[in-house]
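Read through the structure below, which is laid out as structure tokens, and then see the notes.
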Amino acid sequence: MKAARAALPISMLLSGCGGIQSALDPQGHSAILLRDLILVIVAICSLVWLAVMIVLVWALLRRRDREPGDGQGSDRGMRIWVSGAVAATVLIISGLTIGSFYTTRGLNGAKNPDVTIRVRAQQWWWQFIYEDTDPARNFQTANELHIPVGKEVRVRLESVDVIHSFWVPSLAGKLDLIPGRENVLTFRAERSGVYRGQCAEFCGLQHSHMAFFIIAESEESYRQWAGAQRQSGAEPVEAETSAGKAVFAARQCAACHTIRGTAAAGTTGPDLTHIGSRRTIAAGLLENTRGSLAAWIADPQTLKPGNNMPIVPLSSDELRQLSAYMESLK
Amino acid sequence: MLPAVSNKSFGLFFSAGFLLAALTGAIGLGWLREPRQYRTDPPISAALEGFRLMPNAIGGAPPEVYFALGKPYEGTAYDLSQGKRLYSWFGCASCHGEGEGGAGPAFLDGWWLYGPSMVSIVASIRDGRPHDMPAFRDKMTIDQIWQLAGYVKSIGAYSAKLTAPSRNDAPQTRPAENRAPAAILFNEGSASVHPDQGPSP
Amino acid sequence: MTIEPGRSAATDAGPNEAELERRLTQTWSSQRGFWGAVASVDHKVIARRYIVTALVFLALGGLLALAMRIQLARPEARFIDADRYNQIFTMHGSNMMFLFAVPVMEAMAVYLVPLMVGTRNIAFPRLNAFSYWIFLAGGLLLWISFALDTAPDVGWFAYAPLSGPEYGAGKRADIWAQMITFTELSALAIAVEIVVTVLKQRAPGMSLDRIPLLVWSMLVMASLVIMAMPAIMFASSTLIMDRLVGTQFYNPAEGGDALLWQHLFWFFGHPEVYIIFLPAVGMVSTILPTFVRRPIFGYLPLVMALIATGVLAFGLWVHHMFVVGLPRLGESFFTASSMAIAIPAGIQIFCWLATLWAGRPVFKVPLLFLIGFIVTFVIGGLTGVMVASVPFDSQVHDTYFVVAHFHYVLIGGAVFPLIAAIYYWFPKMTGRMMSERLGRWAFWLIFIGFHVTFFPMHILGLQGMPRRIYTYQPDLPWGTLNLFVSLSSVVLSLGFLIFFIDIIRSWSSGRPAGENPWNASTLEWATGSPPPPYNFRAIPVVDTRDPLWSQPDELPVTSGLRSDRRELLISSVVEALPEARESSPQDSVWPFWAAIATSIMLIWSIFSPWAIVWGSVPIAVTLIGWFWPKGAAEDES
Amino acid sequence: MKERMILDVSRLPLHATGTASPTWWGTCAFMLIEGSGFGLVIAIYLYLMSLAPHWPIDAPPADLWAGTSLTAMLLASVVPNIWVSRWAQQRNLKKVRLGLVLMSFCGMAPLVFRAFEFPALHVRWDDSAYGSITWTILGLHTVHILTDLVDTLVLACLMFSRHGDNARRYGDVEDNALYWHFVVITWLPLYACIYWVPRL
């Protein structure tokens, strides 16, 4: 509890983005099309509802001079009205069906995407693997996806364990990640910015804390970033961070995490090679500061109960050194 | 229809029986009650380290706290299934296979080189054993080791526990843990069942 | 007893009315005391039990909802932890769908259908008793497991593989799956009874085009149950088999498929919505004419719409799976079919509006709830059209928009009519009126509370809030609306509280109601309130759709049924011409024992496959005891 | 409300027979439920087959002899079954007794072959989805044979008891015969699925 309070909120990160996770604030090609469709359908349906309400209120409150059920005349009139209303219903839903069909066609991405990324969802974090024709140039991140603005991005969605759903409402509609199957989603960010996404299919205990961020940036900064990510983990220069590296190697950390360039090559948890460069930790739970890193390492089970990272007993010195080392892995 | 004469005694008899059945049901379910523990308090973790091992490193006494907790690692489905995940995450299968053994001894045959007690299994994992069983004390936390030990102990059982894990969503190499008795599933193969692993310490 | 059939001494033609009533009461009533109650096969007794039990589950489910709203009122609140929250929302959904909504609708059918078609008991009354005990056992199983911290935590549609052997440790998912088996078993039993009661036991002259709309809707509902429930029974059984004996239905690595579960579940799950909604349509169509003082407009189109909805219900399950990545062509087909369901729904709404238009509304509580129903359900239907569109759905699927949508459909579309129905038929069931004053309070609190609780959820969903999250971070722009929703839910609960208070108060001390307090037109109002154990002193004869309106002073009836044994009139399927006098079974405790034996087998089979073998033996014994003739008058013919 | 007698039903028969009987309709409803179940397992079988690269998965097609003999036996049992139904219609107690004893054997004999059908699949239920669905189909159908067998046995006992000679009992015999037809007819597509579809 205390640790949760102590950890700084991620508001700084989110400021300036408005509804960073909202279907009504689209910043991507697909999401804009979808927003337009949503607004049109909602408008039409609102009109229909209003019309029904007007008739309802009128029917309830209108003055009745004659006796009820006054014979065939009014029934015939009503029959015409009801048939007309049914015909209008058919027309409207046909229109909506055709409209949604054309929107779906518009969502089809380009045949040759500029970037392809493998997404492996697992309980309860996101693994993003940037694959290259040369496997030596592969690298991976966790819970943070960088993409170039204005380019077609294709994500290949797979699941390690249960069903998850990849959803960044500001950029595109959602698509499930299903064990044993691969789904492909193509999208394009129109403006640079930080967009939050979240697992949208219930996936177990910490479904609520399975967020990620998409950072859409200019082509150049994207390249720079990717270049930096391909490097091995930064060598510590200060005494404190060197000590932290030693702690990392000596304690249980390396069994689950990888830091390229060191002996640590565990694959159960996220790759930490450049964890210092990420904006958040623990699948979007905490802003990435030395303090929150320390809080997380000290007691991950209080911040995110039931996740797969155990409480590793560390002295306060070790904790300080380890979090300094983590922070230095830019 | 019950005859009206004996209705009263019948009623008494059956309502007693019905209550008894309901009670049995509740006890049965209560026996399986599993308030899952996701977070082991650091003091408890520390206490779990403090088991006493016999001088010959076979058998010993678990710490008091283990009994106070109700021996969770052997009996609760959640801990056993976590143990199963740890078994694959920490590469146990590379030597012990899916329990049928390999470079390391088998578990499914119910034969324990260092005795079947939880404590000696925990000690084997934590501290390692001769003939290439590595120590995992730097790779796993103590509560993970207890979870793993509970799982390892359970797959050697001669009768399947109700709380034992079921099959995985993966290619099947052997029947699931809850389909024991393990001895029947154990395929002796060409190797001898209890290979001589050197002198017991 | 050897009384020659046809002799006037034993039939209803001979004695005077008081003597006849005494004889019929003796023949038809249940014995006193605990075992008499357990053995009762009177459809009214069982239905009342069913309704009360279902309403208890409604109240419990409501409490769960309140707990969730407290947790969600603030970001990162720690009122309930993640594990408990997951159990609670699973319990809430499963409880409301399987233990409240479907059973309560069926229970209304069990109570009303025999009365409305003018017969003395439901078909297969012992099966009916069995069905109640099985339902009760399923409900107890779920709630006891919740009390013992082993409640299912996988959501009410329990997607594999999360609910499967690897990720669902313990017996939590098994308890969910077996609870489904219990409730489906009871639902299937009732469906068979209703179909046969409607087709074979109608009063003479009640041809298919004179059946009250409620009965029509229950007939369609029962057919949907018969066609849809096998899918979920199969799904839940295979899930248990995957978990217990290691079958591979949902394991993609061995040729199974995770999506197979979704296909099976939604092939049942979508018709399930109509299983709940169609009875509500029937209720509205039956109650509305009474309060606008004219017959329903468009009887035939309404019947056609009911049947069309029932048929279409099987063609749109995939719209629950629009984001799993199915081929485009399939999705377009299912968009079209999901949209098409709006046509029968539209026909129903327009016919009701026309009926209102042409009638003279009397603003009693049932009518208020019907108006609330139209206002609310139209929104639910329109948001349904929205989620039927694949691209629209890709943004709102599994968000609070969908949560809002189905609460509009289920509460607005089914619970509002249900409350109207309870206010409407309460005098018939208990002989006492509910309070008009409390009813108005309940209506306004529920109506306003409902909209302020659920309407903002549409916006939350569009703002990106996924469903089934136990908390959210303070930075996300959802806090204010969530707090508002949580506060509003208190208003809604208050409305339900008043409704429950009204029920309890009126049951003991409500104003006595006569035979027909609303001056309604259907047959159930032609007998006492509450109806005597034999329902009708003499079976009515029907020659119009609104028998009590066409001949307000006199009821044409038949004579010649025996009064010394339980006897029903069997009539032909289409025209309801009398065909035979069939005996109706006596009270029996065997259905109770059969239900206990079945429950033991089902619960045991969560733990061991051998339960199927050994558990079947007591079931067979109890079933033989059930069917073995005891030499009573009912066994002869 | 005042009542006016306009119809006397006292001369109607005391028991509705054939399609007029509610029990007949109830039996049909249950057959519809179970028929939906069988339709469903066939659909699942074909669905799983459509997903698999090879079918059967890691197993040879099932051996034909046990299943085919069982099918022949079931088809042959239709004849005595029709007789029983007809005798019941004629209310011929002696023949009905004989027929029910005969049908009890007709119910038991297929079970012997069924016992050989499971090993003839050459796959266990937990080996693959193919094994799971075929075992489930066989199991489900076996349950139906068993249910009808128990029903037949109980009815046979009833017919030899003092409750036997009763219109209601004859109706039960007819419904039981109807159900056996259902058990036989539903087996044919299942048989085709298990034994012939993998050979196509």
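A few comments on the model shown:
To keep things simple, chains are lettered A, B, C and D as they appear, and every chain counts its residues starting from 1.
The rule we apply is simple: a contact is a pair of C-beta atoms (placed from the backbone, for glycine too) under 8 Å apart; a residue touches a chain by one contact, two chains touch by 3 or more.
The model shown is predicted, which means the values in this text are computed figures rather than measured ones.
The greater number of contacting C-beta pairs, out of the two interfaces A-B and B-D, is seen for A-B.
Each chain gets one centre point, the mean of its Cα atoms, and the points for chain A and chain B are 38 Å apart. Chain B and chain D have Cα centroids lying 44 Å from one another.
For the pair chain C and chain D, the distance between mean C-alpha positions equals 30 Å. Here the spacing of chain A and chain D, counted between their Cα centres, is 52 Å. Multi-chain contact residues, meaning those touching two or more other chains, occur in chain D at positions 126-127. Shown for chain C are the residues that touch two or more other chains, namely 83, 161, 166-167, 245-246, 248, 251-254, 257.
For chain B, the set of residues touching two or more other chains reads 36, 38, 167, 169, 172, 175-176, 179. Looking at which chains touch one another, you get A-B, A-C, B-C, B-D, C-D. Contact residues on chain A toward chain B in their complex (touch as defined above): 161, 179, 205, 250-252, 254-256, 268, 299, 301-302, 305-306, 308, 310-313. Considering their complex, residues 31, 33-35, 39, 83, 144-145, 148-150, 161, 164-167, 169-171, 242-246, 248, 250-254, 586-589, 596, 603, 607, 630, 632 of chain C touch chain B.
Residues of chain D touching chain C in their complex: 1-17, 20-22, 25-26, 29-30, 32-34, 36-37, 40-41, 44, 47-48, 51-52, 57, 125-133, 135-136, 150, 154, 158, 163, 166-168. On chain D, the positions that touch chain B within their shared complex are 126-127. Within the complex formed with chain A, the residues of chain B that make contact are 36, 38-40, 42, 45-46, 85, 89-90, 138-141, 143-144, 169.
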